[in-house]
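Notes to accompany the following structure.
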């Protein structure tokens, strides 16, 4: 007897919703596809009308032009150093602080934590001038350190890591205490490895933010060999840059985004599992 | 070896011009200035010029550098921005430096030298002057029967003529008469407005620390600008790049835009099969008011920010300025107007395409009084308020009153 | 409202893995049936297939003569109590119980009546306005049952509902469930891998093993006449001791077997001719042993561990050849670990399993 | 008497010292400095003169600031609910393990990784008249073209569209994570309870992720109040200031007019607004929790 | 390496709530002591205070004559096994076990030796390179114990380590723990609220109740001579049945009591003069009852629920006046729910509790 089979799948999934989302996805992608199309076209041809995107010939010339600029690789390296440095810095500081806020007792712990949370609401504009002045005193402008430091103060990472550490069962560190483990070793050898998915999440967000940061590099990195990619590309546009040609601009947009896209694709799996706290249970 | 830190906008084009020393082969702002610097370095092996390119207009970065005392040695700066820095003692007077190089103030056009002279001292090497112009699509004008027999377009010489010709144009081509930048950037409004006020000989900045827009001149200027819009004489909703491209594509008859586009449009007119093919010309903004033949002008100069520099370096900077002065013609090929009298009067310059048509701007060009501070911010406020009035969001009186109030509030609180 | 359930030729495969293989089972109206088996044998899967939460690869399910495997879960007329209870955490007890009725638009006063009745039966009327987070484990369990009751289903399905409770509460709740069944008289299916639960609750037990049903029977049938060595070892605590048989001899009453380390044991079991003697064992339950004085006949058992359960004492020990045997003594036993005691076994209660695991029982007992 | 090992010790505080020193020097101290600046008449190059609360008075009486606050509040009021609802919708639609939905998840998250310059570049090229994607579409359908970036009303809307496009990834991800934490058996129980899809959504799913909805909303409120880049680069605040957000006001006052004191005062006002909005939200959500607990 | 533990006047308060009140207890070197008590009575708290994970409000703790409550947990020489095991999820079994030794810089070959030895004892040598995520519940448990063993601690502390296991595994692991204690001879403290665990494992049981120690004694002492009604009801499964006493009469052997619904019962208990008769009850364990034929003397019991445990059968019923009584019958009992049976109770095994709950036992039995 063949079962007619009622499938319980429909409990949670809904085809129609999926297709609406797919449609929205097309809309999401349209602008990017548009830019990619533009970036592959000759600028002069585009001047006559952007409908040209839909027809041959296509060219890689815009990309070649970007690569011809000798500074691009230096800017790229700066961006890498800053983004990677900032990512590691934020992870380290946030993990240390998150561990302490979630697990250790010390005087004024609650008060300090609340003050740190208030930091979440501080807009960058409220601090940027004083920061700039301070970095003068210590001669930190036009250095990698100077570009890395400011975002280390972001309270978001501390908040996130505190939540993640709280999710780890307390017995784990109690067991470690009975194993004669020092407080730092408990953090470093026992708990930190358990927060790896969280580190991946926070790491990706920090990296993206650092890579795309604009105002601080603009006013701190004023020498062209210290430019980050974002600033460098902006500076290489002529005044009223737009007249350079849409294709070239599109190529720049794609080019500057490429590394983050790669980072994203590489870590994508971790974002999902990390955000859902999969491994820490 | 002496190193000069030079900071400029105009973009980067290392790829194309990084090695070029033959200035005459370069085109465009970026190409020419890059080639010029290369040539200077080649001519002066003992001087290195270290170029930092900044995003236009780069004043955020300059401010940051000044605040952190890491100023470059030479910086490109608009005339309209100079008073801000000069008034705070952030610029070095250049009289002695220019004198040592045998450059006299009288060598420059009046429009140029007056813009860089503050409190009797020269604070910049004037490099160019630019104004808003009428870029004309002759092909479309011909369709509208607005061409003279000598191959030049018929342009209005009064407001009435403007409306009449505009209507005639629109009826014939179905396209608006003017192509204007009206979205995102409002600076154009302010520049046209200044021009129209100046043409009425209005002394709206009689006192450089306050603006006066209460007179009938302001109302008249604004009325004219609004009528152009209301009567459908202009494109709408175009931002800067759209307007530039729009004119190329025959979106209208006359583009109201700056000197720097001459090169681009001229090049297009020399290609086949586009709306501008063989049909481009350019003229100063017509005199819509009888009082004075004048047009608002600004320009780029080279300044030296405050800072400790030894004589050797100052001398090197002097040499660089002399070189730039000597090569003002090359820069003028961009479309900007030269600042050196001998260049502007030279046949070489006049024989550049269209230059004879606009040469008079060097004489009729006029900047705001040099003592007026925060001209960039003023231009933004003014542009915004004028825009409100023109688009009908505010009454004209209201807009002018608000603009005057906001600008004066700004100036009072410096 | 209760009904019989027929499971006909049910098969379940995940890709290539067969989880259930051609299962047939008929459950009478009002019967309390327990699915018992080791972890992973497919008990939950079978239950969830009846509920409609799992698709069926092959076969059919009928409730009260009506085929239901094509219906969505809500329309099969069954109610299920989950191992984790699956209470809606943000709803009060009352809302939890009313939710299913509201979904099918039962009138409000009818809902109130049913919820109040069920709450009274389960003694949770004072908890109706609490949310699950503020209930104890046992109370949650009762709410979960209440949620099932109010739907007046044709059958109740329970998936190890007691496994989250501690030992004491588990005992109490077990009792309550038994009483509930008596009161409601509904068809109930209960899944567990705890044999004590199965023994105490079931009208009939379904022993599952290796994708198949191994034995179906009343608790006593299964305890006393396990069809196989698997069932014998799985049911009963402590497990039946198995002693390897060296030699078998037929007598008039049954067979006499020679057990290594224990000498000869006379049983009342008759073996069929096709009996496979290789790897055969004799099985003895702890309660069929007795500690006797040194003078009496019996086996010498060296005690390793003594488990005192209060009312009786279990002695875990080894015979001289190392075979393990569990014996029972009274609650007041003085035996200590390390002692050597003499144990008599009651030959009539023994079971013999052949090499394939097939069981043979004494014909005498009833 | 005896102490527990988990007792409060100063030495445990060492773990927060690294972060706290960065936090104090790079956030709290500059913030304090900013507050000090806001009490002074000062431009970019110094020349401080204490003037008390005058800067605040000027900011608060400036109609342009009022307009900016209004714009920002409208923007936040529309974009945050949109982000929350759309994010929720996407998470619900894509909460599956199929290839198709994981691809779409990638698509929706991918835009978050672009920088603001690129996002606005993309959307300007979409919205510009004549050559823009929208213009082409409108032309294709023969509709009257709209000046998306230059018409009062539309300009803020366009900035909002770009913002939603840019920011939708994070809410979606957070919602997906929350959805995956809902025990599957709740849905099974609901199926046995005959619940319709709509009732499952409103009575099971949404209540289960209530706290995540709150979290996402607070994060987005804090972020969207700081709107700047998109408005600056797409509309420059126009037309007639109708899309100028608070941060852009701060930028203009501080960096274009060099009036650092007044800019600082406006920054502190913004800080207060954000703080109040976030706390109000938090308070409303926890209060409701208490009353129905 | 094992040592005695002394707990002296220990008090624990959270703000104003007193959780433990002036506790005194001495545990001998090598003893296996179980803390037993209802949920929330402070068992875990006391254990964690010994381990150093919880602060002490008042009092002192000594291990082997040395005061240790001022030391950090790692230096007290105790090892603890948590309810949830708390294995380090990112370390292999071997790393989990070695971690504590590495912390105190034990030489590598010594670490290897100890880990291998412990693994052999626990039969987890083949699992040394797996991480906890790939171990079954029982295996994890053994790793947790192994982690304790390698430290060669003066005492082992277990906090309900079996409560996460299913019934079958729990029984097996209980046995293993008992064997382990025999092999190592270490001092062990074990916390549970499951009385079966307590009975089977302990040398001595500490019954805790209401912030106090209610009784300390061997399992048999506690089972047979509970000091109070609380202990009597808490220990033993099924719980002791309590019948209200109407009237008491002294005889030469002890007292004869009149029980409502059961007539008079002659006991061997002598009551002191200060005995409070009000609310007094007589307690009878199920195994001290017997189902007899209709002709014999006894109480008539109407059966509500029959629990068949295989080797015996529990009968839950009510006497004529509604008092509940649990009786025991053999595993092969034919009694069904609804039957009325005659039950004889063994008077010598009865206990009497006075109105304050104080217990009195028969003097005859040993």
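By written order: A, B, C, D and E. Residues from 1 in each chain.
Basically, contacts are C-beta pairs under 8 Å (C-beta built on N, C-alpha and C of every residue); 3 or more make two chains touch, one makes a residue touch a chain.
The structure displayed is predicted, hence computed values, not measured ones.
Undergrad: Give me the step distance from subunit B to subunit E, shortest route via touching chains only.
TA: Steps on the shortest route: 2.
Undergrad: Can you tell me which chain lies farthest from subunit C, using the average of the Cα atoms as each chain's centre?
TA: So the chain farthest away from subunit C turns out to be B.
Undergrad: Is the number of contacting C-beta pairs greater for A-E or for A-D?
TA: By number of C-beta pairs in contact, A-D is the larger.
Undergrad: How many angstrom lie between the centres of subunit C and subunit D, each centre taken as the mean Cα position?
TA: Each chain reduced to its C-alpha mean, subunit C and subunit D end up 57 Å apart.
Undergrad: Can you give the whole-Å distance between the Cα centres of subunit C and subunit E?
TA: 26
Undergrad: Between subunit A and subunit B, what is the gap in Å from one C-alpha centre to the other?
TA: The answer is 40 Å.
Undergrad: For subunit C, what residues touch not just one other chain but two or more?
TA: Counting only residues that touch two or more other chains, subunit C contributes 52-53, 72-73.
Undergrad: Provide the list of subunit B residues touching at least two other chains, using ranges where the numbers run on.
TA: 60, 63, 67, 241, 245, 249
Undergrad: Among all residues of subunit D, which ones touch two or more of the remaining chains?
TA: Subunit D, residues with two or more chain partners: 5-7, 131-132, 188, 190-191.
Undergrad: Of all residues in subunit B, which touch subunit D in the complex?
TA: 60, 63, 66-67, 84, 88, 90, 182-186, 236-239, 241-242, 245-246, 249, 251, 374, 376-377, 380, 384-385, 387-388, 391, 393-394, 406, 410, 413-414
Undergrad: Given the complex with subunit A, which residues does subunit B contribute to the contact?
TA: Within the complex, subunit B contacts subunit A at residues 9-16, 18, 28-30, 51-57, 60-61, 63-65, 67-70, 240-241, 244-245, 248-249, 260-261, 264, 268, 274.
Undergrad: Which of the residues in subunit D end up touching subunit C in this complex?
TA: 183, 185-186, 188-196, 199, 203-204, 207-208, 210, 293
Undergrad: In their complex, what parts of subunit E are in touch with subunit A?
TA: Residues of subunit E touching subunit A: 51-53, 72-75, 78-80, 82-90, 99-100, 103-104, 147, 151.
Undergrad: Residue numbers of subunit A touching subunit B in their complex, please.
TA: Residues 47-49, 65, 68-71, 132-133, 135-136, 141-142, 218-220, 222-224, 231, 234-244, 246 of subunit A touch subunit B in their complex.
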